[in-house]
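Sharing a structure, written as structure tokens. Questions coming.
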């Protein structure tokens, strides 16, 4: 579905133009065309391929979807795949935006998973003609910047979830819960990492060293995006690392709690066992057991049993077993 | 066993040719010969070595089999080993395809483990003369692309298996099952990784940087294959990582379940032990135990015992031990 | 908030100058201006941007804060982000200092988290005119050196905490405590690492190889800072590694202690069980049980029971179970 | 001990020559001398040093032994250390072969741990004069190839041992055995890795990139050796990885089995405890316990107790605890 | 404290010279001065700085101590920090030697922790004038070689300790001991690694590739040192790896032993429980229990109880529980 198709000259919006005239506009000097698609169908892409002269393999990738984030050079043009991530009901939804960039055009195509569009990016860009004059490379930066900025709330969500788990990690009886949540969180972090890390590597090749000629003048902007991705990636690594430790700690806590339960069990078992042993002794049928004849034998026996139990109880209490 | 032996000129099929005439055809300009073997015997390879002038070490590798995926340059020609993987009854079967590529020939030889052949690749290639005109390097790409495309269903199978295990990972009493399946899955992933990763590294040397001269014009195609392998490899890493975590989680779950069983055991033991202790007390043979003389002493005793048991039962129930 | 704004010529302090005259001073030969801000507000930064001609992206980063430690080149000038760490009540507080360095100016801006200022650095620098003559690059070194020197006490604190935990790691009954403290310490180490490691990487690019032209003459000083960071980073790695091992050891100790408790439990259970069994036997109601009729049957029975118990007690003692 | 000392010219054996004449022969054009030593004594090495002009440090290394596998260039000559591995009674025995290679000589010296000699290598080389003509570099290749070929049976042994352990890994009651065998196997794998990996790295420098001039024409052969080592190293990594997983699985299996034993224990304890509780109740000495007076009270009591036990037994059976 | 101060010309010792004349001697052609200090005080270093023209930062590092092993170039001169390790009562003591090397001087300064001095190095060097003629770089090699040679006995000690632990790793009841010793050993290995690995990296830059001009002619000697460090480092990695596995095995062994103890406990509990249950039954007070009236009822009962116990005992014995 076509969302916009606008020609810009010298940083100023010329006009919304019909798709068929694209190839005319992109031949004018200092002019470029910025097209936005959504859920592009094969025939739409075919038209674009014609108008912009896109490379076959890039178009094929775009129409198949499910690519890794990447930046590929095809001659003078770039094919960029970035992934969007959005939080929906605590889940992480991953979408894809494919961007074709040439000297005088930029074409972005987002899939249905990416609910939030990029109209804001266009609006902001049109307000900064001195930047727009830098051409499609600046638009590419603006789009990537917008995509990457949307990673931060997801990162926050992951960090918040981890903190919630951490609050309970040393609580008694929460091990089953914690381990389930840690496992789930780990899954989400892995998903986000696969979005962030390949993009970071790809963007790293847009500044410093050998850079596609089109991006020469916008290197510092891409370095900024790269830096953001670096920050996110470092945070993800910390989360991953903390999860790994937390899983180990969880196991330790399970073992420690079990050990505490065992001690308590041992203590109570001892207390009852000693009672039962005493009762057993006085339940024996020997003829001559003098204390059985005593008037206060029974209360005496109960007293002995209770005293021993109390003594043990206190000792175990002191030892921290009860 | 010879499957095909065809000469192509300028992207068009000339004819099926007999093996002996190969060396004549490959001297014609703009002509190349594409030979496909299956379970090649040493003497067949010896003939090919003669006709194409293959390098001794490459032929030796091909006849011995069990190579790692690799791409080796021998002067102007390439020797390529790729591994095929097929799912058979839930198992991963690994086969091998050895490919010799020169300026004007391509010779592929698959072993018996690779049940699915490459006739489709030839058919599709012959329908695209503009691509076939790129010569043996394009055929090499087409073969590799076909092989790599067959990795995806295997990857899907592994991911499906992992998901099945994940569904049960927090279920009670499934630990033994889960650990066995995780171990088995880990083995399969390792097998597939050894097929994918070395090939990825090798293909990485066919685009960007210094590239064998023959592959100069098809770099973008090999980059595409490389990208697919990268995607598969990233997914395999995720699976591996998830398995590692799942094994740890499995251990935690075992410990947690044991701890739950222990608590239940402790609770029941306590309930019975207290009953037995009471019964022991009233089973003592003291002369003067007034309650033994009561008319309703026995029902009273039973009531006491049942009450205490019920009280404990409820407390343990509340504490989540029962 | 402006703290100082001083012009230096040829290594000597000229004067405190008003902010508006900065742009005049920095055009004089052999002169540079050193400005220190604290909790810089956007409008203050805007003024500075004007006076020094700072790059938009750098100013944006500085006003947003929460950057990773980094050193970015913008044309001939550098934008440096370093993190300060201070111990407060056993916690690690992380602050940020943003530094803009050009041929003839240096501007540092610290945030509120960095309680300790850098007046001492300025005082010391002014006493060494032969060094100050090296220009803003030397001031940059002096600031970084001061920041990095403040990392050492934090490192000491972490090492002391680890040693305290290590003293108790093999003590009985300390597992819960230890695991909590290890987890907390791990978190602190991770925090510090994220301050140190990116800075180390960044500083590594200020000596050897290609170096920003401004830092050519101070390479050896930056190498010194780099070396300090390397030492800190190596110590952090050791702490991390030791924590990981200590967590595993903690688990082992928990298991070992549980096993010891279990043995003790088993031993006492056996002793009581055997008593109870004997008492049960002599509590049976058979008509003809000769020993029940003995005069000293009861003392005999008690003696047997006590003897067996003592025998078992000693055996278990010997076996180390009690 | 001298084993052979032979001069070759133009790929043909000239003659066995006495050690003293070596320096004469190696000055002839197209001629090289191939000497094989075993358990070389310092004075033998001293003679060789003289005759061939070997470097002091290399000779020192050779006479001290216990080197890492390595390939060192001393001017135009190479000093190569390779390790041999042999299986002896299930143990891995590591030997050492030191090889000095120059433009016109090759000197190999194996230690006593390397029981299998290299006469076969010489015999095969002498049958291929067209290869021998390539000079000492080819002999070096032939020796290395022979050494590396002997790694494969050891690798097979390790893989077989691992498979044997894997067959038992999920068997009950085999944990102690398995963990001991895994630990031992891990030790062997580590030993073999230290033989293979440094050699692989060293051989990697004999093909591609900058190569010692002497090995220019035999690069493809060394690449072949490198490839074999790569394959072995990949297999070793798989074994290592599998062992690590197996150790974790072993721990899980221990925990799972313990948990099963615990459940069984709990079940039996419950069954007996309930019996004992019933018996205790009917063993109380209350005056008025009507069922005690019943004629069939005793059989009734036994029936009740057996029924309860049977009921519990079945329930536990169903729950999989028994 | 000054130990020696000697001038050498053309590989021959000239004379012990007073410190003040150093600067005269080092200007003579083919002459260099070799000074050895111990526990150098700041003022001694200040004199040396003057005489040799040492760099300020290097002197500062040397007077502060506690450096990482490193090799820093200051213009044409080198500042080298190496760490010595000595075994004292089973502990690893780490000392430091700082070495300043220039074209015509070498100055070494060891701290008090390094008890063993380097007089032997000087003696040996003076006996080899052809080597000493290589100048300060050779002396640097000789010192480093001596330091590194002293690492081997420490490595042996660590390996011996590990072997001792390994002998007991599968013994019963040694887990607590083993884990403590493993933890301690791990600490020592970490200490030694921090001495060895940075030095290895630093020395790696003294041979191959770009090398400080002073070390051009002694590259092969530094490669030898590098090779020794490589060997030590590889052994340390093996020890580390083995310790990690041993810690896991220790945990497994603890779990396995606990499981065995549990089984034994379960078995004995069952035996006593069944006795007690029987006794309980015959201790019931039913009026009509025919066997109670039998003459040989009591012996019969005891026989039954003993038989059942023996039967269970044998069964458990067979099952390996007892």
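Every chain is named by a letter (A, B, C, D and E) in the order it is written, and numbering of its residues begins at 1.
Convention: a contact is a pair of C-beta atoms (placed from the backbone, for glycine too) under 8 Å apart; a residue touches a chain by one contact, two chains touch by 3 or more.
Note that the structure is predicted; figures quoted are calculated from it, not measured.
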Both-way neighbours, i.e. chains that touch chain E and touch chain A: C
Third chains touching both chain C and chain A: none
Copy-to-copy rotation for chain B and chain C - C-alpha atoms, rounded to a multiple of 5°: 145
Copies chain C and chain E touch via same or different residues, half shared test: different
Averaged-CA centre spacing for the pair chain B and chain A, given as whole angstrom: 25
Between chain B and chain E, centroid-to-centroid distance (C-alpha), Å: 40
Multi-partner residues of chain C (each touching 2 or more other chains): 248, 251, 255, 258, 262, 265, 269, 273, 276, 280, 283-285, 289
Going from chain C towards chain E, every chain in order around the ring: C, E, D, B, A
Chain D to chain B touching residues, read off their complex: 169-170, 220-221, 223-224, 227, 230-231, 234, 238, 241-242, 245-246, 248-249, 251-253, 255-256, 258-259, 262-263, 265-266, 269-270, 273-274, 276-277, 280-281, 283-289, 320
Chain C-touching residues of chain E, taken from the complex the two chains share: 55, 57, 61, 67-68, 70, 72, 74, 173, 175-176, 179-180, 183, 186-187, 190, 194, 198, 247-248, 250-251, 254-255, 257-258, 261-262, 264-265, 268-269, 272-273, 275-276, 278-280, 282-285, 289, 291-298, 301-302, 305
